Amino acid sequence: MHDQRFVIPRQELNREDFASSVPDFNRRSEVMNTDMGYKCTVTNIVRLTRQEKLFQIRIIDPVERALFRFRPGQFLMLELPGYGEVPISISSSSTNHEFLELCIRKAGSVTTALFNAGEGARVAIRGPFGSSFPMDEMAGHNVLLIAGGLGIAPLRAPLFWINEHRNRFLDVSLLYGAKDPSQLLFTWQFNEWDMISHIGLHTIVEHGSEEWTGKTGMITDLFNDISIDPATTYAIVCGPPVMFKFVCGWLDGLGIPMNRMFVSLERRMHCGMGKCCRCMVGSTFTCIDGPVFDYWSVMNLKEAI
Amino acid sequence: MNQQGLRFEKLKIASFDFTCCEGCQLQLANRESTLADFLRLIDIRNFREISSEQHDDYDIALIEGSISRSDEVERLLAIRRQAKVLVAFGTCACFGGVNSLKNRVSGEAAVSEVYGEIKVETLPVRRISEVVKVDLSIPGCPVAKEEVERIIISLVTGSLVTLPKYPVCVECKAALNTCLFELGEICLGPITRAGCHAVCTTGKTPCLGCRGPAEEINMEAFLHLVKERGLSRSDLQEKLAFYNAFDAFTP
Amino acid sequence: MIYKIISKAEFKRFIDALVRSNSSFGPRMVDTDSRGEAVYQFQPVSSVDEIAFDYTRTASSAKHFFLPFRQELSRFHFHDDDWDQKVSYEADPVVLFGLRACDISALNILDDVLLNGHFPSAYYLAKRKNTFVIGMDHLPLPDCFCKSMNHHTVPTGFNLFCSDIGDEYYLAINSSKAFNFLREFETRDPQYDENCRLAERRKLISSSFRTEIDVTGLPAILDIEFDSPVWKKWGDKCLSCGTCAMVCPTCYCYSVEESFESDLQSSSRQKRLYSCNLVDFAAVAGGHNFRPKNGDRLKYRYYHQHRGFAENANQQICVGCNRCGKACLAGINPKDVINDLRLEKDTCTTSVSSSPARS
Amino acid sequence: MKRDYTIAIHHLTRVEGHANITITVRDGQLMEARWAVVETPRFFEVMLKGMSAERVPFLTSRICGICSISHALASIRALERAMHILPPAVAEKTRLLAMHGETLQSHALHLFFLAAPDFAGTASILPLMESHPDIVRAGLQLKELGNEISRVTTGRCTHPVSLVVGGLSKAPDKTQLAALQKMIRERKPLLETACAFFRTLAIPDFSRETEFISLANGVSYPSIGGHLVSSDGVERDENDYLLMTNEYTKEFSTSKFTRLSRETSAAGALARFNNSSAFLHPEALKAAESFGLRPVCHNPFMNNIAQLVECVHILEDAELLIDSLLDSELTAVKTPWNPQAGSATGAVEAPRGILYHHMETDSEGRVVRADCIIPTTQNNANIDLDLKAIAEWALEKGKNDREIEKLCEMVVRSYDPCISCSVH
């Protein structure tokens, strides 16, 4: 007794349904970038260490490429079709609209597959997602960047920014620690910047090697090498969770206000949009409220560090 | 096979059965709709049940069944020497399975019960990992072909092989089943690893734990709940012992 | 909103016509539990006779009609050294009959979370737009506490809502589709008498609640009680089985999995409803688990339900149906956990700032 | 041509379980032909002791990965008879349908995966996928259909979940049943393809007289329960299974042997056909006729054809069974029961022949004593003698050692032996 009069018609979605969505997200053919990534080609791969590679990727579609903008500190969801998706910080300059660089550590399923992929492979990106470092607010101040291990990856974008706008900042130093010399990333570039733009680079490794002439010890051992004026300094700290506690505690002790220290957190993520809830820290989403937080917010977040 | 600049090699696979019903091997021939594709992923080097061709240059050995005779121990050791990846395939291989129920009596008693005077060799039933190192476990009585397929694809494409860490209840609820505890029965779903699509509870029979314990189970809370609901202790014990998968947790 | 009165017999004819002409779901009895109580679920129905009009509460919510337990988000097709991605937001029209006020509230909450933020979910919207929701009021069960959550009535979020006023239903019509369908049936405008009966019915419902939870200031209490021993106490009982989240009308956390098809010619990205109680919810690569203990995870679910997160403007998202409490084998339920927390809070405030005893 | 040789086949391939064949020829004369089962015994009778009746079918189904439904149903039938439980009629029908599914699946597996390569001269089905894609597809789709029948009726194709003492734990879903019926109708023509293919194969013209044992019920083709009958005219009650089997052990084999009126006897599709062909569906009889298969046939190779004929019967019968289930109320599918002491036999026609489970329960419904006699056990002695006979027959025909080896393997496979099952 199927009666045509009572059949509910199918309703398609249309653009107006998403009037509230932010303009960052450009819809192609009625499908959102949040669901369908921009297709990219892996244009170059540089092996940095045994575990890390730098992937240069380029958005294929020129319109999408032109639309894609990000701020230092943001991340994207990188998809290797067939394998899955992982959140990765953007490590290249935010003023570079030609390609993106991602520094990726082989950590598990998707990243291992990425490691096996070669130049020319096609990946997809969704995003950019998340909060960023307040570069404009920092302008006119000293900036102290502190990175441990892979923590350098999210710091490279703000470093590019600073380098490109060097005269807007006062003293800039980078303290960078790694397990051993072979694991230091991007040192060639920082040395360059050190010489050209006077970004003070201080490196340290936990275990030296025969060729290593630099310092050995923990990142905290570098603190004596620099002088800090707490009144005019902003700090960015990135590294393994244990590092936050020591470093931020020390900066706090020096009198740097907590809302001038920034950290970048990592959690498990499946959406990047505050929907899957995997990245919750206390009652905050790492993906939309973070990954960049000022230390004051993190201090108040249970479970954060 | 080529994809995205990634080269996939066929897996050189061999399948061997020990003390068991061979039901797990048989699953390899199930899911007929994707069977042709599945067979393209693997190069069967040795699989007595379906092929007369036998070679000894396999990389992956699927071991079905538990170990209960000395000739089996030797066969298994030889396989271990050859295999790059040794897979405990099915509940008997992973935990001993129903065969372990025999261990309740001595070997001699068992033999005389079934064979009378005739001498037949039998050892206490052991799981594969008690004899050789196991690289990968695929539990299930029988194994779920869908899961096996997914794992084989992962091995071919080089993705990580994982089993669900959570218990059967998750899948059972997704099937909208009425919880068997509500029907007055003891179900091992809350402590058993998911991945079977809650096939037993969907058929309204209690989970007997063929897939073994889920990750970090709360056995104490489980025992408490069985007691709280006044359910039979001997029933609980019979269920926990059924596949020998909870021996590490049994009080 | 347009209000109409319809006789029960005529209403059944209307539902029958609707149900027969569309893919439809409604409450059906699926089992009788060991206490002799009927167990209901939303199941496919093909005629009005199959619907249990007098049902109490379905064991599982209607959430999965909008957020399936497993859903394909997109599919990749490989060819040569390239691929194409396909995303589709299609949903088939469905009639969903018999939702309770709190169930519809839950949908409104999901709308808030999934449609109003920066990243609206088109998958959800497609389902929501294509689902014809018919609500039905009912007298609360002994363990319902939706009144405490203020979700025992619902002003919006449905196509049609019917209140039982004796021999007739008082209909609230909230969509032109529903209005047009009803044109074919005998209805009339409510009179004074029927309005009174509706008011009485509401009063009756409102006064029938036997479970109450004091949720005033709960978000703040939860923030303060982050390290409370209450979490360990209940966490020790928790089986980390995820049942509570699966049956809950508002739990929406998920996981994404991707896998190749056997022919390696395509792959599928799928979303699966997950639960924050599951052991690896917050585990990251390398094995670190940000919430290693049962109590940490249980707490998180209570935070989400009773404190709310930014996506939902820090509002509570629990609607008070107590499905989770009913389904939990370990006997963990919102009422007991929250009361425990309050107690904890009370004892601690009295010890911190005990006011002088009055004489 | 070699006149002195020994054929020693260690762990015969394309059969379920482990067994060896030894043929010794001296001066062109057969000295010895032996069928030795070397499967590891599992001692199910021991495992069953003390198990609650409720759990028994879940244990017995694990005796065999191919015919788990038969094992579950044999033990259920034994327990139901021992404790005087009458399952509802709809449950009985569903069980019968489940048996059909299993038999179809098992026959298709045997015919296409295990036996066909012999006739086609390949080592496995894999080369056939290239050379005979249509046949392989037909085989796979029939096997899938068998599995699907089992899944819809019992919840899973291997190791059923909803077959329980008293009936079914859950009724099959009518929507799924209807879909299943559609699938059966669509796939029925595949059997014609299969028959056409098997008609092209050369079946050795060998026979050896033997006694065929099967179940019979006087009204339909046998499946679950009935009388025990033999082609030599023996007839016994189900509970008197021991008189039918007369199990004995042999030093060289972990599987036992049986005998009845003669030295050996046979069970299986050919036995059922020989004893009950009158009850086959006309379509099935037509198929039999097209192969010249008529009772009583003593060519063991024709067991393959009898299986094919049974497949035709099964699909016709399954369609009717589903019709009747769709017309029935599927709500009460389990009779409530109380445990009691008792003992009885449950016999069913498993794909490979008659299967007996005998169970003795105590007042709590726990198994006190169990005995399971498997079809392959009943065929062992027959296989042993067939090996001798065919080796002699082949020597007479002047076949060489390679040919003899192949014929010996083929004759064993024709029985579709299920060895791990027989050494349970």
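Per-chain residue numbering starts at 1, and chain names A, B, C and D are given in the order in which the chains are listed.
Here is the rule we use: contacts are C-beta pairs under 8 Å (C-beta built on N, C-alpha and C of every residue); 3 or more make two chains touch, one makes a residue touch a chain.
These figures come from a predicted structure and were not determined experimentally.
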Interface with more contacting C-beta pairs, comparing B-C to A-B: B-C
Approximate Å spacing (C-alpha centroids) for the pair chain B, chain C: 37
Chain centre separation in whole Å, for chain B relative to chain A (CA means): 42
Distance from chain D to chain C - Cα centre to Cα centre, in angstrom: 51
Centre-of-Cα separation between chain D and chain B, whole angstrom: 25
Contacts with 2+ other chains: residues of chain B: 3-5, 157
Two or more partner chains touched - positions in chain C: 78, 81, 83, 259-260, 264
Residues of chain D engaged with two or more neighbouring chains: none
Pairs of chains found to touch, sorted by chain label: A-B, A-C, B-C, B-D
Complex contact set, residues of chain D against chain B: 11, 13-18, 40-43, 45-47, 51-52, 55, 58-59, 62-66, 68, 109, 113-114, 117, 123-126, 129, 140-141, 143-144, 147, 154-162, 164, 169-170, 249, 251, 254, 420-421
Contact set on chain B toward chain A in their complex: 3-6, 157-160, 162
Chain C contact footprint on chain B (complex, rising order): 1-5, 8, 34, 37-38, 40-41, 149-150, 153-154, 156-157, 165-167, 169-170, 173-174, 176, 178-179, 181-184, 189-191, 214-218, 220-222, 224-225, 228
Interfacial residue positions of chain A with respect to chain C in the complex: 1-11, 13, 17-18, 20-22, 25, 30-32, 34-37, 39, 81-85, 107-108, 111, 120-122, 124, 266-268, 270-271, 273-278, 280-285, 288-289, 302-303
Touching residues on chain C, where the partner in the complex is chain B: 30-31, 33-34, 39, 41, 43, 59-60, 64, 69-70, 78, 81, 83, 236-243, 246-247, 259-264, 273, 275, 278-280, 294, 327, 329-331
